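In what follows, a structure is listed as structure tokens, so that the remarks can point back to it.
Going in written order, the chains are labelled A, B, C and D, and every chain counts its residues from 1.
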Amino acid sequence: MIKVGIVGGTGYTGVELLRLLAQHPQVNVAMITSRSETGVKVCDMYPNLRGHYDTLAFSEPDAKQLGAMDAVFFATPHGVAHALAGELLENGTRVIDLSADFRLRDADEWSRWYGQAHGAPELLQEAVYGLPEMHREKIKNARLIAVPGCYPTSVQLGYLPLLEAGLIDPGQLIADCKSGVTGAGRGAKVGSLLAEASESMKAYGASGHRHLPEISQGLRDIQQSTVGLTFVPHLTPMIRGIHSTLYGQLTADPGDLQALFEQRYANEPFVDVMPAGSHPETRSVKGINTCRLAVHRPGNGNTVVVLSVIDNLVKGASGQAIQNLNLMFGFDENTGLTAPALMP
Amino acid sequence: MIKVGIVGGTGYTGVELLRLLAQHPQVNVAMITSRSETGVKVCDMYPNLRGHYDTLAFSEPDAKQLGAMDAVFFATPHGVAHALAGELLENGTRVIDLSADFRLRDADEWSRWYGQAHGAPELLQEAVYGLPEMHREKIKNARLIAVPGCYPTSVQLGYLPLLEAGLIDPGQLIADCKSGVTGAGRGAKVGSLLAEASESMKAYGASGHRHLPEISQGLRDIQQSTVGLTFVPHLTPMIRGIHSTLYGQLTADPGDLQALFEQRYANEPFVDVMPAGSHPETRSVKGINTCRLAVHRPGNGNTVVVLSVIDNLVKGASGQAIQNLNLMFGFDENTGLTAPALMP
Amino acid sequence: MIKVGIVGGTGYTGVELLRLLAQHPQVNVAMITSRSETGVKVCDMYPNLRGHYDTLAFSEPDAKQLGAMDAVFFATPHGVAHALAGELLENGTRVIDLSADFRLRDADEWSRWYGQAHGAPELLQEAVYGLPEMHREKIKNARLIAVPGCYPTSVQLGYLPLLEAGLIDPGQLIADCKSGVTGAGRGAKVGSLLAEASESMKAYGASGHRHLPEISQGLRDIQQSTVGLTFVPHLTPMIRGIHSTLYGQLTADPGDLQALFEQRYANEPFVDVMPAGSHPETRSVKGINTCRLAVHRPGNGNTVVVLSVIDNLVKGASGQAIQNLNLMFGFDENTGLTAPALMP
Amino acid sequence: MIKVGIVGGTGYTGVELLRLLAQHPQVNVAMITSRSETGVKVCDMYPNLRGHYDTLAFSEPDAKQLGAMDAVFFATPHGVAHALAGELLENGTRVIDLSADFRLRDADEWSRWYGQAHGAPELLQEAVYGLPEMHREKIKNARLIAVPGCYPTSVQLGYLPLLEAGLIDPGQLIADCKSGVTGAGRGAKVGSLLAEASESMKAYGASGHRHLPEISQGLRDIQQSTVGLTFVPHLTPMIRGIHSTLYGQLTADPGDLQALFEQRYANEPFVDVMPAGSHPETRSVKGINTCRLAVHRPGNGNTVVVLSVIDNLVKGASGQAIQNLNLMFGFDENTGLTAPALMP
């Protein structure tokens, strides 16, 4: 049994950590912080947690107390983990950051996209990008994990087999992604109101979105060369889920694409390659840590289409964070992550 | 470890049994039947079950094979359990019927509401109404359980403390109930299409609904006298959840209503009395077996209002069925039913 | 052609006035005010208005300029009309207030519910409650209209025939009302987010809501005696619509209830009594000024149930405001209000 | 005033024709047919039409009676218009077919995609593809109109300026399209249930969809050469609306793309080019005949992205059909099509 803390626990990734960790037999959530809700019990804010965390209350984010934890999750806006991570690491506490703070290896690029100086460039060298399907061994030994973003997770897992096999033109990638509204967080914004966002569909950030450099970096790592990616996210009228539709231009005879995907992910506990001809639904992963994939080659032509679905709050955030924790602490990788999706 | 079978597993209560039992450490689902889908694997029909029941397939409902189970759930339209229950009971198999077949003790009343003769009146004497909060001891020794309907569960749990305490006029009960669309089942009906049922609210069955006699029977059992109940169900644009708003006319000084409710349910694992002044949301029980209640007395007047929420597929069907199974087989009552609700 | 102004045009009732008035052949919207959006074109804020108001922009609420209008709508939070109405009336401008400022005739009662002193008690005497089905003649000659609230409109129209006929106990009225989220306005509140309010149902204000005294006052006017009303509003996961389910206890043989309702509303252009046995859907009035009603007497017993649906933004606000304007200026009552509802 | 008939009026495009034509001052809907609902009044089936078509009832599709109409709309499954169109044309009745029957000019290609022989190949020569933005003059003189499909309308209007200007590679077009569920019609299918289709997103027909050859034919007409199009439709949890995200590879310096689009559509009453940087929402066209477009060039690179939204039932079907009718009969093109979109 390890003790963990959560910094910034009032948002959706925070409550999702609590929901999932309630089922984790080897983790005790000993501390959760929130400046705005200090003293409030988590089950008063999130009634779904009544009966699970009946005494846990939000506290001030105190570095010393956090330093007594075995691991600390950051479920915070960008910038917060920069300020605290170094001190925690020195105390021997592992840091699993769900924000964007350590995802880009280049501090300057981070600054350009996030509009502020990078607060902890000295830690970039050791931060491990927490996508187990690419970096499992590094994760096991990491002290500091940058949990991938939701869009980047779904896009990278979809392109991975094709890029590794060198089958598609890395300069002509198009990722058309659709996300439920929890991707925009729990902030009170007019655009996220039910009256505004339901019964409608729209793109956003078509000319540039912060997840673009993260995805590009990840795809470069696979490809070992520059990539040209067009990434258009869309706001979809549903609570959870990301559906990424990925397009690539074949540069060689791909052979059996279905087999390629099945083999690549044969041993991955959280990637499910659907049968040939499938169209995975986001609801099939509602509440769980699985990414479901299907690969199509319309009309046997030059374009390959990958359909990739995840729950943005689980495999796209809190579930993947726990998967990383399991790897770091030597637990079974799927500990606490075994329930089926809620459907319907 | 016991072996259970599910008859009629293609509907929403069937797949919900599978979802919940996947987390039950003492139950092996050895058989699931469907005439229409014989041979189809359950995970092909319900992709959320991929990785959980990878070999289980629908089979013909064969009484002999079902008789080899320790218990059989009926997740069928009414009439099916009538035909099979007797033979199973003779073989020593316990029967947990989620349909309406054994809910009404009076076969004639059943016939009037369901438009056909009762198929097994000889079993009515022994059937136990599976509402643990009222009949826990009988359930423990039962061979045949009639799992309460979704509306009846939420209404009875809400009125129970008031009627037991003799505080309200049993002749003037009004239950205004709102249900998500899964209450109408998985049948392909125009009225249940997203294009028809979303972005709208309507009552139905205002002049009489099949759950009325069941609720009235249950309230009579509590009250030990006739009751006058007006019950108006409403179709609500959401997948899961029932919100029952219950009105009663006080006949005596009720004292501390909050304390009354808290005491009545102090030891109930699946009834959660919310703090005074609360308004429980159906989403706070999404996917779980809990009924959350709040009691109000507007303007300190003569009318008491109880707000009662459940997930119609869990406490209103499959979860309650498993709660009954746990009691019948001596397992901890909440075995397999401990995950928090999915929220948001 | 008359010139009208709209004060506070950025909220949902403001944009709905614009949408409806775009189809009104005798009204020119010459001015719309908003402190926060001064200078912004309405079609930039509300793209559905592109092509309709391509030059109209929000301006400061200037009393002098407003005084040049024939009529001014207030689509503002409470308190604003108090401050401006008197001056406008003196200038000969008619005032149609969609807020609660002039709905209650008793300034003290208003203060208790709204937590501030009434700002214009001297105008209460002349303000007319703008429910045409009750006060049509007074409206025609009014200078100042208090447009009824959304819940009060649906509840009063439902009870009206029964109370006028003296058929139900005025001391035992129960109004269980379900509203779409636009009833909560366009403010950025966490509870109104799609991620919070969709896929869920909840009551609110069960112990007391600001529309209660307004409804009670209206029902007293019909009944000519005190009434006892329990009113429980519910937040429903849809954009528009109110469904009020109204319960009354019969005190006399009601005779033919269907005929009673049909006769009462035979000449009302915006009240549609549905055929006997109907269950009106809120979507059947989406975008239009109609209230659809159905009356039931379950089991031929003592309880009568009225189902009443409106669009909260139209008959519950902006449409009814225009209906009042039409009456005040001698236009056909349904001018600009003739389009069918959008369905599906 | 002309007399029109509607064949197959029970589906969504049929009721949408009725809704829109109720506002058309020069059209009298004299006849509507449905084999399954003969004798039923349209307002009993569609309560939103109460007060608008109080006597119109569904009748048998009788060719002679239909031949007395000035124009007949077919809102039918494919194959029906094949059987009736010829006889109507001989009688001098204009035919506006909302189905796919006359969209493809090649009868063999039609047969391959629709799995049956083409029933009226002799009419293909004269059928005009009813996209006014491409074929306005031909439409004015047409007797037989093939109203474009919903996806094809949104895709062609988006690519049109780019292809006409020869700016993109016609061999590398990718159309990622998202549609509300009314696109699947009013048939009672499990996949269209609220419980199945809400709170989820999925692609379908990724390997080939019937709208593909129609779009390809239309783009070839613009391009005057073969095109290579990848088309992936997605089912989106909303009632109405299509959002097409269109990708093209620039082959030349495009200059000012915004100006290109604005100029191409400067005189089009139903195409609205949004300001530079916009992301149109489908709800901004809910219920109206407008297509809103925005054009982006991410990172000033080689990929151009066009965002195109329509209401699938209006510009994607019934509204465009009426636009065609207006052109054919010399009415103002926007007669009956001037109301603003319903928003929120």
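Here is the rule we go by: a residue touches a chain if its C-beta (ideal position, glycine included) is under 8 Å from a C-beta of that chain, and two chains touch if they have at least 3 such contacts.
All values reported here derive from a predicted model rather than from experimental measurement.
*Asks:* Copies subunit C and subunit D touch; is their interface built from the same residue numbers (over half shared) or different ones?
*Replies:* Answer same: the two copies use largely identical residue numbers here.
*Asks:* Relative to subunit B, which chain's C-alpha centre is the most remote?
*Replies:* Ranked by distance of C-alpha centres from subunit B, the top chain is D.
*Asks:* Go ahead and note the Å separation of the Cα centroids belonging to subunit B and subunit C.
*Replies:* Measuring from centre to centre gives 39 Å for this pair.
*Asks:* Distance between subunit A and subunit B based on Cα centroids, please, to the nearest Å.
*Replies:* Here subunit A and subunit B have centroids separated by 37 Å.
*Asks:* Roughly how far is subunit A from subunit C, centre to centre by C-alpha average, rounded to an integer in Å?
*Replies:* Once rounded, the distance between the two centres reads 45 Å.
*Asks:* Going through subunit A residue by residue, note those that touch at least 2 other chains and give them in order.
*Replies:* Counting only residues that touch two or more other chains, subunit A contributes 12, 180, 182, 195-196, 198-199, 237, 239-240, 280-281, 283, 286, 344.
*Asks:* Please output the residues of subunit C touching subunit B within their complex, sorted ascending.
*Replies:* Residues in contact with subunit B: 172, 174, 176, 178, 180, 195-196, 198-204, 206-208, 228, 230-232, 234, 236-241, 243, 245, 247, 249, 277, 279-283, 286, 294, 296-299, 301-303, 305, 307, 309, 344.
*Asks:* Spell out the residues on subunit C that touch subunit A in their complex, using ranges where they run on.
*Replies:* The touching residues are 12, 180-182, 186, 188-190, 192-199, 237, 239.
*Asks:* Would you pull the subunit D residues touching subunit C in the complex into a rising list?
*Replies:* 12, 15, 18-19, 22-23, 46-52, 182, 199, 239-240, 272, 274, 280-281, 283-288, 290, 292, 338-344
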